[in-house]
Amino acid sequence: MIDSLWLVIAFPLAGAALLVFFGKRIGEPASGWIASAAIIASFVFAVPLVIPFVSGTAHPETVLVYRWIPVIGANVSLLWDPLSALMVMVVTGVGSLIHLYSIGYMHGDERYGRFFAYLNLFAASMLILVLADNFALMFVGWELVGLSSYLLISFWFTKPSAAAAGKKAFVVNRIGDWGFLVAVMLIFAAFGTVDFGVVFAEAPVVLTTAMATAITLLLFVGAAGKSAQIPLYVWLPDAMEGPTPVSALIHAATMVTAGVYMIARTAALFELAPASSGVVATVGALTALLAATIAIGQRDIKRVLAYSTISQLGYMVLAVGVTAYTAGMFHLMTHAFFKALLFLGAGSVIHAMANEQNMDKMGGLRRAMPWTFGTMVVAWLAISGVFPFSGFWSKDEILASTFAQGGFYYLLFAIGLLTAVLTAFYMTRLMVLTFWGAPRWDDGVQPSESPGIMVVPLVVLAVLSAVGGFINTPWRLGLESFLEPSFEAVTQAHPSSDLTAWVLVFGSVTIAIIGIAWGWARYRRDELPAETGGYWDAALAGYHVDDAYGRLIVAPGLAVASWSARIFDLRVVDGLVNGLGIAVRSFATSLRPVQSGYVRSYGLGIAFGALGLIVYLLIAGGAF
Amino acid sequence: MTVTVAWYMTLAAGLFSMGAAGVLLRRNALVMFMSVELMLNSVNLTFVAAARELGLVEGQVAALFVMVVAAAEVTIGLAILVAVFRRRATANVDELSALKG
Amino acid sequence: MVETVVFIVFAIAAVVGAVTMLAARNPVFSAMGLLLTMFSMAVFYLLLDAQFVAAVQVIIYAGAVMTLFLFVIMLIGVDRREDLGEQIPFQRPVTFVLAAGLFAVIVAAGSSAWVTGSAAFGDPNMNGTIESVGRELFGGWMIPFLATVFLLTIAAVGTVALAQFGPGGLRLAPRGEDEESEA
């Protein structure tokens, strides 16, 4: 059974291939059902393989599919351990729900089949990434998800902003990929192989601290690109140009978590470089705070969620930075549930509001869309960290683990706590502006509940967001024991299980309630507060970071490109090539007079040649 | 002083050089041809003198063959010359420079 | 003694003939000069015991080839006088240098050995009678002899073909028909 693990990847890959070629002919909604069937098949196939890990009776295995480049340890071989099993469950599970949702959401789109082809391609790519057992194959998956993300963000490519957003995502990701690649090269240089098993086992012996720090920092650059951390987060808000299911799947639940997964996977290397872990934790915390402050000022419902994603990713990165890998993966899972739910719910709202995304034009939707409203409430409470929803458990574990590190980490804890307040605040703001109050709709807009195919996934995700946290409570660390085989050789941080822990729990619940109350008080009024001036304008523009990048990096890059094209290529390269032609031509022209047409001149030449030859032969023959 | 083979050879060399000079200096095609004939004659003299020196009669046979070939060459060459003259009404080779680059 | 005198006299005659051929403005004078040189050649062959070759020289060269030359001179322009000027720059001086150089090289090379090969090769009683030449020619040199037969045949045919090129181009039909069609 485990030997056919590659089927998990093959199902969506086959679906993608089929739909790329025949999607148009198959039409809707059949292509949607085919794609959904493929990914559901992967999920169903993987479940029985996960259960042995739950009961703790299995140990990690590798399944060799194809001998690709055995010399450097890069084969197409899959690693099946609890960590990858968890990721496969999240990707295929949440992915299935989103596929089903998309059948309804993308109704009427003229490239329906192509959309599902790309979705399946993405699923296959992500599965390659998480199942890979060596850096090379992981990089293949890494790049493929980047490609799929580009294809899906710019799905409506006739819109210039969508095309530009796709390009931006790809280019910024590339910067991260550079870091990842250099790290892999260093690993190969140090170990002579890129196989996970060999590298992680020999790391303590082979690597110096300096080398380990270099490698892990470069790996983190890669993770920062994919998981939208400072300074490479700028692509994610723009990525909202893509259809909402894309935002849910790729930019909330799965692709952006690839960076977090990668750091967890390479925990053995991070263990040898505590300095890098410190950097990771700090960047994560700062990103969380920064994104939260920007989210407060956004008017577009999807942009709020985008910055929220960046912020929550910051939490996950903070977790793996303090070596609380289980906490990080836990939050990854719960975040997948409630963030996907939030995005799908937002999509439902946008769908009903005739593609209006600005919250200024919403309001009072709770009566018009009860199911959407109900499920979004669950997500809202989960992300704010309210007991007993899933977000509470995971966020609390992260904060507690950070606190337990002491010293400098008290500061990061404080940042995390502040971010939690802001999270609750801006999510409350979003909910109130969208669902409560008097309707501020445009004329002619008549929102009603979305079709069943869209609502069912919402309900499933709501249930998961509500109860998903119970798999890892401080009294029964279910997830931790599940992931134990993956982190055997690594020391993980744990929250202290004593009085401090209870104080922190109490504190985080209070924080959540404070945030919600503040948001409610501010926005649940008839007259909405004006959000203009100083801070609000800056937050709305994301503190002008994009402009700064444009001036500092993009503009010089364009200048270099323009110079290369107009001056270097045109004058130097063309000049060289043309000059060669001209040189040959002029040389030939200068030789032309030799052809005088006079036989006697030619005869003179012949005679001279003959004389020379005679002299040479006579000398060579020794006649002189 | 007796006449040695060196005398004959030197004379032949001199006639050969004069023939070569004639080919390159004269513009009249006929005179150029005659210069070529002179060169061939000098070569014949060389052959026969060497034959006498070595006591072989092959040299004379070679001279005969040279004569045959020279005769054939003159025939064709003059025929060409006449054909060219009919078209261009000139025997001056310098005016036949249409192949100039 | 006699041989020396004869040699010197006819050597001078040959050189005079050659120079005349080179320098004369009138092509007929050039032909006459060459004729003198050819007769001198025949005398040299006699001095060298090549009687048959001498006879053939007179008959073929002086008798046929030069006659042919004179005929063509008559056809092409007997009274044309070539002008003395030289158009191609440096042609004259360079040619003189070349000719002098050629002569010098040959003489310098030959002064070490004019004829290489063992003298014991040949028969000291060699004579150039028609009998010995014929024996050699139709003996070992039969194939080249037959090749010259072909050569002469081809030359004759080629000459006839070349005669078809008239002032207006190729005239393949016999003269009579052509005139009718032109009229």
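As written, the chain order gives the labels A, B and C, with residue 1 at the start of each chain.
Quick note on the criterion: a residue touches a chain if its C-beta (ideal position, glycine included) is under 8 Å from a C-beta of that chain, and two chains touch if they have at least 3 such contacts.
In this text, all values refer to a predicted model and were calculated from it rather than measured experimentally.
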Topology of the chain contact graph, where touching chains are joined (line, ring, star, complete, other): complete
Contact-richer chain pair [B-C vs A-B]: B-C
Separation of chain A from chain C, taking each centre as the mean of its C-alpha atoms, in whole Å: 97
Whole-Å separation of chain centres (CA-atom averages), chain B against chain C: 5
Centre-of-Cα separation between chain B and chain A, whole angstrom: 93
Junction residues of chain C, two or more chains touched: 88, 91, 95, 98, 102, 106
Junction residues of chain A - those touching two or more other chains: 596, 598, 600, 604, 607
Junction residues of chain B - those touching two or more other chains: 20, 24-25, 27, 94
Partner chain A, residues of chain B touching it in the complex: 20, 23-25, 27, 93-94, 96-101
Of all residues in chain B, those that touch chain C in their complex: 1-3, 5-11, 13-22, 24-28, 30-31, 33-35, 37-38, 41, 44-45, 48-58, 60-61, 63-65, 67-76, 78-83, 85-87, 91-92, 94
Touching residues (chain side chain A, partner chain C) in the complex: 596, 598, 600-601, 604, 607-608, 611, 614-615, 618, 623-624
In the complex, chain C residues that touch chain A: 88, 91, 94-95, 98, 101-102, 105-106, 108-109, 112-113
Chain A - residues contacting chain B, complex: 592-600, 603-604, 607
